[in-house]
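Have a look at this one before I ask anything.
The letters A, B and C name the chains in turn, as written, and every chain counts its residues from 1.
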Amino acid sequence: MSPAGLALAATVLASASGLGGLALHRRPALGQRVSAALLVGGALLGIAAALPVLLGGPTSLLRIDWGQPHAALALRLDPLAAFFLVPVLSVPALGALYGLAYWPQAEPGRRGARLQAWYGVLAGSMAAVVLADNALLFLFAWEVMALGGFFLVRSDADRKDAQKASWIYLAAAHVGSFALFALFAAVGGARGSFDFAAWAALPATGAGWLAVLALVGFGIKAGIVPLHFWLPGAHAAAPSHVSAVMSGVLLKTGVYGLLRTAGFFEAPPAAWGGLLLVLGGASGVLGVALALAQHDLKRLLAYHSVENIGIITMGVGLAMVGRSLGDPELVLLGFGGGVLHVVNHALFKSLLFLGAGSVQHATGTRDLERLGGLARAMPWTAGLFLVGAAAISGLPPLNGFVSEWLVALGAVSALDLPAFDRAAFVVLVAPTLALVGALAAACFVKVQGTVFLGNPRTDDAARAHESPRAMLVPMAVLAAACVSIGLLPSLLVPALSRAAAAWAGVPVERLAPAAGLAAGSAGMVSVVASVLAGALLLAWLARRRLGSAGASTTWGCGYAYPTPRMAYTGSSFAQILNHGFRWALLPRVRLAPPRGIFPTGARFSTEPREAVLDLALVPAVRDYVQATSRIRRLVAGRLHLQALLVLATLVAMLAWRLLWW
Amino acid sequence: MILRAIFQIGILLVLPPLLLGVVNRVKSVAAGRTGPPLLQLYSDLWKLIRKDVVYSRTTTWVFRAGPLVGLAAVATAGTMLPVAGQPALLAFPGDFVLFAYLLALARFATALAALDTGSSFEGMGAAREVSFASMAEPALFLVLVVMARATASLSLSGMLGPALAPAWKAAAPALLLSAIALFVVALAENSRIPVDDPNTHLELTMIHEVMVLDHSGPELAFILYGAAIKLFLFGALFVRLVADVGVAGFWAAEVAFVVELVGFAILVGLVESGMARLRLTRVPQMLVGASVLSVFALVLLLR
Amino acid sequence: MGSWTDIAFILVVVLDLFLLASSRLGAAIRAVALQGALLSLLAVLLTSSGHDVGHMLVVAGGAFLIKALLIPWLMFRAIREMAIRREMEPLVGYVPSILLGGLGVVLSFAFSRGLPLPTREMHPFLVPTALATVWTGLLLVVSRRKAVTQVLGFLVLENGVFVFGLLLTDFMPVMVEAGVLLDLLAAVFVMGIVMFQINREFASLDTDALSSLRD
């Protein structure tokens, strides 16, 4: 079977995986196992399909005509699609394994079978989006994906916040879909075909509004600031293995769409790349700034997705600038860094969300200030979470470092541009990345420290227990993937350069010098990693032969009875940086200061707000609804007024048609 | 060749404690005291490494790993630093990013170890350390990018190599501005006055020192040693950037380099003697100012 | 000689940034004085054979006397006699001020090349330095609370205009420049008197207090 055929089989298998649970509703535990097995099978098939393409095989096509005009089941598995296909199928599979213990269908009242069904549909539709070679097929899969996400966010339909978040998600997803319908209709109409193959080499001049449509449509899905407003709520409300899929891979379909659409255009102007760089930088900095202020573990992780999408967008922006300048280094390093970060973020973000799920599973809370000291009760979870935390902070020798490093190297490689070229300012991406990386590290020191280290802050945290093996193994697989990519990044460079060449429409040889540079340096990263390991070993040996003089309590600087309530909280930890970013957080501060000589009660609380949603969209929609409801009250029950409205609309449209068309 | 490599590793591993000795000596002399001997830190380290360790009952393996990772990461970063204008042991395009991120790894491990104790003071120190570091990091990157542009090189060895002297002729103002920024970053990253006072004993005002309160024995030695190496790394960057004396010959250049490093330590000591510690709210100002200075330097090169 | 001019221009910009970061009134006044001295130095440095040397020297000397000596002396006298507190008391914090100032510097240096100029450029840094200094002055006037610091902002603004003026020295009669300098001096005097009045009326120099002077 051709790789595309295998990929189709994987898609079908994944989509249908949930049916097992629906059919075996008498034996829910078995049904769930069947579903998980089908998803794992689908993921293995998907990897089997993607590997030959990544290793240099030809692009694989598959076309089944439906007899409908313009629509066809046309699939294309090229290197770009292959890079997305692997995480899109394997993260849901690992999530399903995790779900066996985390969200057992056997437990009553959890609507587990329904969740499993939509879960499979979501995985399958994401694969279909990535593989689609026809605009109508793409849109169909895109819609199914949005619906799947909607029902998955509502899995906990009894919870108010889940309901609210799911509706916001649905509305945002449809605004995006609307933009995509317009985009594809315009391009398809101009080209007379809805096959992506026919869309190659679109002229970029005068196509600015198409670029804006693509940016809105895909940007909402990806969560680029300021289109990220739906994301934190939805990702926090969903069950954790669903959050892992949504944050880890669902967002990436937006990036995929941006890349795919950018690939259609011939010689995009540098301004498009520049816009992506600015938006990416804003997403990176604001995403991590908002994350730092969160108290809810899963909301915090969701904001980090905004940050990482920002890093990816900066990589894509660099590649776009590189295409318009004809600079192969920028194309390769920007694209390679961006796409590799897509894969890396899928790995460590789903690892972190699964870890957050384990914490919630063990303690019943996601509130950072109510956790603490979990590393004693859950050593494995703590260790695996630490791998994810270090990876997302971009620390060597893990995978997050490699992709951020490629993007930074791409930015700095623009330094050989001649002076007076404003494109040389893309080099500012490098310090932006440094800022984002350092802030992310600060945030994950806060998370790891307040959740797993120190003493338990509440009884819930003190009663925590280690997760069952079904939850640990998927996390261990993800952590192992993070470490392996971090240690041996040079192996990925050839595949990345083939994908970049196909995307930019240049022969691979053109990118070869840049790829050589990247592979050589990536090899040196491995060398440095082994030096680090050696140094660590030496230091450990130097320390090991010495004894311990026993245990004691923590030095409390003279406090006789330090209690866990005195330990530094997550909010205190982030206070300096939150204060610096208060212009972006616009926190709601409630302060009842102590008064008098013998103050009684004093309270202080801050709550970060989602500025775009809470301060702009919600008030605007509320005003709109109020205004329209006034009209509705006026015309309610009065047929002649309603008819008048229809008539007025018709006349207005006629006038527009006659006068301005 | 091998001999030179061994010599460079030797300098990296042996010299750093001396620098701190010089700094302390300068401070003592400026304050009218005799001060500790120049080699005090070596004997401190030797004493500590033979002691036993005391652990808090709250801590886990993270606490034990902190000093090890901190020292290993800083020492590994040193292998990418060119000593005395000679290419570093490991030099490749983009190594400066790895250099900066290894320092970040050391900070990450130390801060986590501090939080592992559950002490509010150490949490405070860790919070300050990571917060100020996130302002120092962009400034450091900007300085490195300026150097990359001025020398048309993507590796530390190229930036601090023979291309530096012509770069000074062509772009002196930009390099001067970035050198000032680098010095500020060096003071902040090494917790020196005016950002942090390594000698204070008031936990509430400290940054780095308060993070490592609970470490003892060899682990404390690792932390002190790691801090000394870090000062050495920044010192080597700085002296190479500002004082690229064209001494011919390998050994002469190495000697000149060591002399310059001692000069750097004296400069740090003089700054510490002459300045008061800034209020903590002023530190971000200083670091952001350093970033803006180096952005200005970059713009001068790019326009 | 070229690189000395470069460094003088860059120092002017660095002093702009310093003023935005500075929290001490005394240091800020000294910085403005130093900036004034640098401007007169620049006027001399930019004099090449083609220019009217005497004209340039008059301008430079006048600028040095007034900007670097007289006005700072007046300002120091003012803060001493009115016992003004030393802090700058910003409405916009120091870090945002620095960032905004840095943004202005970056934009003016990156994009000033595209500006249409009436005459050929004497030095590539001249126009961007002028723009950045004007921007800094405006920022200081807008973002600082005390009347004294607003005067400082006004002085920086004028320094920026002066740099622009260097571009046009060939066209500008010496009398015009002397007039500008005298105007500046008069303005500082007037502000000094006004400050004295505000101080006496409100026992503070907070211009916010003036907003209660409604009818």
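The definition used in the following text is that contacts are C-beta pairs under 8 Å (C-beta built on N, C-alpha and C of every residue); 3 or more make two chains touch, one makes a residue touch a chain.
These figures come from a predicted structure and were not determined experimentally.
**Q** Any idea whether A-B or A-C has more C-beta pairs in contact?
**A** By number of C-beta pairs in contact, A-B is the larger.
**Q** If I average the Cα coordinates per chain and compare with the overall Cα mean, which chain comes out closest?
**A** Closest to the centre of all protein C-alpha atoms: chain A.
**Q** Averaging only over C-alpha atoms, locate the centres of chain A and chain B and give their separation in whole Å.
**A** Chain A and chain B have C-alpha centres separated by 35 Å.
**Q** Round to the nearest whole Å and give the separation of the Cα centres of chain A and chain C.
**A** Distance between chain centres: 49 Å.
**Q** Specify, in ascending order, the residues of chain B that touch 2 or more different other chains.
**A** Those would be 284, 291, 295, 302-303.
**Q** Please set out, as single numbers or ranges, the residues of chain A touching at least two other chains.
**A** 420, 425, 580
**Q** Where in chain C do residues touch two or more of the other chains?
**A** 95, 110, 113
**Q** Where on chain B is chain A touching in the complex?
**A** Touching chain A from chain B are residues 49-60, 62, 67-69, 71-73, 75-76, 79-80, 90, 92-95, 97-98, 100-102, 104-105, 107-108, 111-112, 115-124, 126-128, 130-134, 136-138, 140-142, 145, 148-149, 152, 154, 203, 213-214, 217-219, 222, 280, 284, 291, 295, 298, 301-303.
**Q** What does chain C use to touch chain B in their complex?
**A** 3, 6-7, 10, 13-14, 17, 21, 23, 94-95, 98-99, 101-102, 105-106, 109-110, 113, 124, 128
**Q** Would you mind writing out the residues of chain C in touch with chain A in their complex?
**A** 95-96, 110, 113
**Q** Can you check the complex and tell me which residues of chain B touch chain C?
**A** 172-173, 176-177, 282, 284-285, 288-289, 291-293, 295-296, 299-300, 302-303
**Q** Any idea which chain A residues touch chain C in the complex?
**A** Of all residues in chain A, those touching chain C are 420, 422, 425, 580, 583.
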